[in-house]
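Take a look at the structures below.
Two complexes are shown next, each including chain A; its partner changes from chain B in the first to chain C in the second.
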Partner chain A sequence: MEVGQLQRSFVEYMASLFREGFLDAQFSQLQQLQDDSNPDFVVEVVSLFFEDSERLLNDLTMALDQPNVDFKQVDAHVHQLKGSSSSVGAQRVKNCCVPFRNCCEEQNTETCLRCLQQIKQEYLLVKNKLQTLFELAFFLATVGAADCSCWRSNSHGAITQCLTGLASPSEGKCLLNSVCREEFSFSDFLVDHIINFIHQIGLCLL
Partner chain B sequence: MEATQQAERKSMNKSTASARANHDVRASLAGISGLIWMCRVQASPQSELVKYLDHMESCKNDLLDILNSILDENKIEEGKKQLKEEEFNMEELLEHVVNIYYPNGAMKNVDVLLDPCDGSIARFSRVKGDRIELQRILNNLLQNADKFTSEGHITLRAWARKPGFEESSTLNTSNSSIGCMPCLRLQNDESSAEVRVLNRVQQDPNCVEFIFEVDDTGKGIPKEKQKSVFENYVQVNDQTTSVHGSQAGTGLGLGITQSLVRLMGGEIGIVDKQIGEKGTCFRFNIFLIASDQPQLQEHQAISVNCAKEEDLESQLGGDYISNDSYYHSVASDNSITSHQKSNVILFIKEEERSRVLRRFMMNVLGLKVHVVNRHEQFPQTLKKVKGKITNSSSSSCKSKEIPLSALDGTDIDISSFQRRGRGLRFILIIIDTSDGLTREMSRAMAELRKDFPKNVSLRVVWIDKPGVDEDKLPSTDIVITKPLHGSRLFRVLKFTRETKDETTSRIKTQQHTLVQDVSVDVNGHSSKKLPLTGKKILVVEDDRMLLMICKTAVSKLGATTYTCKNGQEALDEVCKGLSEQRDIGSSTPSPPFDYILMDCEMPEMDGFEATKCIRKEEARYGIRIPIIAFTAHTEKEETDKIFQAGMDYYLPKESKGEEILKAIDFIEHTKV
Partner chain C sequence: MDFYSSSSSTISSHEEPHVLAVDDNLIDRKLVEKLLKKSSCKVTTAENGLRALEYLGLGADQEHSTNNNGSKVNMIITDYCMPGMTGYELLKKIKESSILKDVPVVIMSSENIPTRIDQCMEEGAQMFMLKPLKHSDVKRLRCQLMQCQ
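Take a look at the complex of A and B:
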């Protein structure tokens, strides 16, 4: 497995997200705010975005399910969703919000429901894309570090074992857990992502 | 004949042999050096191996040092040592050398200080001579003092004077500020090289004699051993502490030191201490070529009697010999009489340092010094001093007015003003807070600052830690780190010569040089300054994600960021910041934040409401903090609302680094 190859696929993947309009310039600005002293910044911000959005989407679903729909409330939720998706750079989600607000003004429940459906779809899409992007990034970080001379032999072995499926998933998880934490002080968050990714995609990269 | 020739041959052989040995030993040491380096490359960074390699390296360095000192001694003995002549700064050298030993001393509670004596070094600080060898002499003496002293202090004293022509070969050691010391005679020495140097330097009209003392409170050297310490390879008590290899020493140090001192035309000896004083005091003198500093004046004996009005200093009686000579002195038109109104309150933990500073400030600078020895005395001393100046300032105010035009920098001659004895008064408080600051002391400080007479300058110098949160200190306060001697001391003393308006205008630059100023950016590297370095910014936003983005963006630009979740919290923060200023009693409160980034829509209290309340509170202090609104709406009615509430600018909610910076720039440029 070649690290260079992995890196290229990562870059290509990211470019496609921009090209297809999932992400816009605001996301790039977020990336620029990340640095060595703040290495999990983008992931943390996007995680907050996921949490907030899911909450809002739930609220919207409930609000539109009422016999007497409070359109002012619905509009307020959409407004908030528009703000956060815009800040994070989730362009397609943001773009769904404008027609949604028009529907609210018209006080039309049906069109609102359709807008909600659309926004949910866009949200799930971008969520999936971003998660894959992160996992690819994390994996690169771990595997890329294999080339460093500070990598100890047992840790390299652990990763390889997981990749080739030699260790059972739970053993692999244990190994990786200890390696990632001791060697690199990865947070739980990152470790989970790495492990997920390895088990989802690992084999096809070999 | 045969015997002489043989002796000569032996001596020659010895020289060649030692030269060869020197070469061989060096080659082997170089080999070891290279091998260590190669091992290091192959070793893994955090391993035990690296630690062993480090140790090996330091042993190798020690060997090299020993070799060098043996060779140097040979060179000097053979009269082959040549002294270099380069220009250097004596004050810097002294401070540098003392500061090398300061941390070591601090670790075992031994204070290492530089005593300015009569301040004469400052006058002759530009010298020409062999800096490295002089440093070696001082190093050797200080190192010995450090080795043998486990409590008390080590003092380096230095003073200079123009030699009288008849003193070319004897050392006249009487010095009024230090006291009588036994005379040391230059020993007759056959070495021709020394005699040549002696004559040359001492015949130069710019020749200046420098006298140094290294005084410690350590083990001391018994009288019977004192002569022999200067002999090579003799050590007193070499069984003592030998923690590191390098401390063992070869017993060559003082021998070389003596040879070097003689090479520089002087002599070194041990000075007898008073009965009951322990430790050793080495004194030596050398002759160097020094240029007289042009800006500084000669010794001036100023009689205090010329000042007729109520004068704190005259209560002491007697004359002072004031010497204008501390370096980097401000334009000398501030004449000496300005000192006479200056009071210094000195609270320094280290006894000897406190004594030395007091002596210097009183005898040499003519300041009135109140020494506080224990923190219980601090409040009453402050009260006493404030009482005195309040009384005398109120009476002098009646009789003499200082026209305001004299303070605004127009061409009224301040110095002539002061020469008439009407100098601006000054109080300088130097507080050592390394043991912490008691509540009584803080209260006493606040009490002092309250209703402080307007025509008196007050400056507080905190040593080590400020008494309160550094941000809340008035901007005239200075925080410096120990040790307080040399350049740091002189910078502090320079404040006593400033006029009041100079004090306030100089604030920013002084703090920059004296405060431990390292601008650390988000990467944790001390780097060039970021656009918002040193600024305090409050971000008010209820959405977690947006708050995180904004906070990171602002911090990355270098600012210190504070956050609040809604308008009410923001208002509380601002009110707290403003009232804390008032508690400290500063006459010109500084705003608690440089900018506020405020979201418009928030629960509990929104941005508009919060801004209105903040503006009202600020008005009571005469402050206005620029507030930038974050809004999701850009329609006119929204933006109108923004300005009506009292905000200065607005930005869309998604704004990150660039736009925020632009907004701040805009505000800065439109400020009148």
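Take a look at the complex of A and C:
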């Protein structure tokens, strides 16, 4: 397992997010806006999107739970969510908003609740995908920065073993832990990140 | 091409035009700010029409003489759908001001509604743009409103 292979996996993972419609061209716009003056721009905007969406989804849940639903208020929240998701390129979430607004117009609580359920699912999906993407990028940036000679030492074999040792995740985890801390002197924070990432993206790297 | 414009009035070019961006959505505010900065603009953001008017010195209980921010602003870009005061209402207030009526005002909206667009253009909006804004939209806007460097 080399850095090059990891990088290819990253590219492939990102491409799949576009192909499967989780992300659209607007996300590419965000990436293009990122530069040296603001190297964390995409992560910052997407984090804002997560906070904003979770707040809106809570507000929507509460609004639809009222005995007399204020559909204008519900519609206003959906409009906000549509705007935010559109601005970050979260295509599937954005697409859920259109039928939702129709249900608001028809003032149908039941169909609105079904729309809410769907939007929650789509939101959690894209959140998970994006977090994985960021962790992968983070891991790559750090590993890429590490001394490349490490990859040619025994540690390389150890890391490969960890990655292929996903069948026994706890064993792989222990090994990875010790390799990262002792060989690379990675911080606890980074090790947690790597372990998390390995578990999530796991098989796609093999 | 998702924007509409009136015939442009030539505005003298500045090294870094100062733009006031108004939007109630935090993500959109961050985006428009980044887009404008990338096009070499100095940016001030406001989260609603009232705050925008206060910044410009047009607030309800402000004296024009104590606030000259308005004279420093080269362009105002505002979202249409905002709670309280819409972008259209903000546009009207700006056009009613003797100090600010010549500052170009651009309206943004996520919805392509012809009557809304006409309404804004008739009230004197410089341009109407569809969200989400792209880098190419802002570049074009900057070139059209200011003499290109």
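Just a few scattered comments:
One rule holds for everything that comes next: the second predicted complex is superposed on the first by the 145 of 206 C-alpha atoms of A that agree within 3 Å, B and C clash if a C-alpha of one lies under 4 Å from a C-alpha of the other, contacts with A are read in each partner's own complex, and residues count from 1 in each chain.
To be clear about the criterion, contacts are C-beta pairs under 8 Å (C-beta built on N, C-alpha and C of every residue); 3 or more make two chains touch, one makes a residue touch a chain.
Here the structure is a predicted model, which means the values were calculated and not measured.
When both complexes are superposed on chain A, chain B and chain C occupy overlapping space and clash.
By the touch criterion defined above, A:Asp36 lies against chain B but remains apart from chain C after alignment on the C-alpha atoms of chain A. Of the two partner chains, neither chain B nor chain C is touched by A:Arg55.
With both structures placed on the common chain, the touch criterion links A:Ser84 to chain B and to chain C.
Of 42-50, 492-500 or 618-626, the segment of chain B whose C-alpha atoms clash with chain C in the superposed model is 618-626. Residues 26, 29-30, 32-33, 35, 38, 41, 44-45, 48-49, 52, 79-80, 82-84, 86-88 of chain A lie in contact with chain B in one complex and with chain C in the other.
Those residues of chain B that touch chain A in the shared complex are 44-45, 522-524, 543-546, 548-549, 552-553, 556, 632, 653-654, 656-658. Interface residues of chain C facing chain A in the complex, by the touch rule stated above, are 25-28, 30-31, 34-35, 38, 81, 83, 110, 131-132, 134-135. For chain A in complex with chain C, the touching residues are 26, 29-30, 32-33, 35, 38, 41, 44-45, 48-49, 52, 76, 79-80, 82-84, 86-88. Note for the complex: chain A touches chain B at residues 26, 29-30, 32-33, 35-38, 41, 44-45, 48-49, 52, 79-80, 82-84, 86-88, 149-150.
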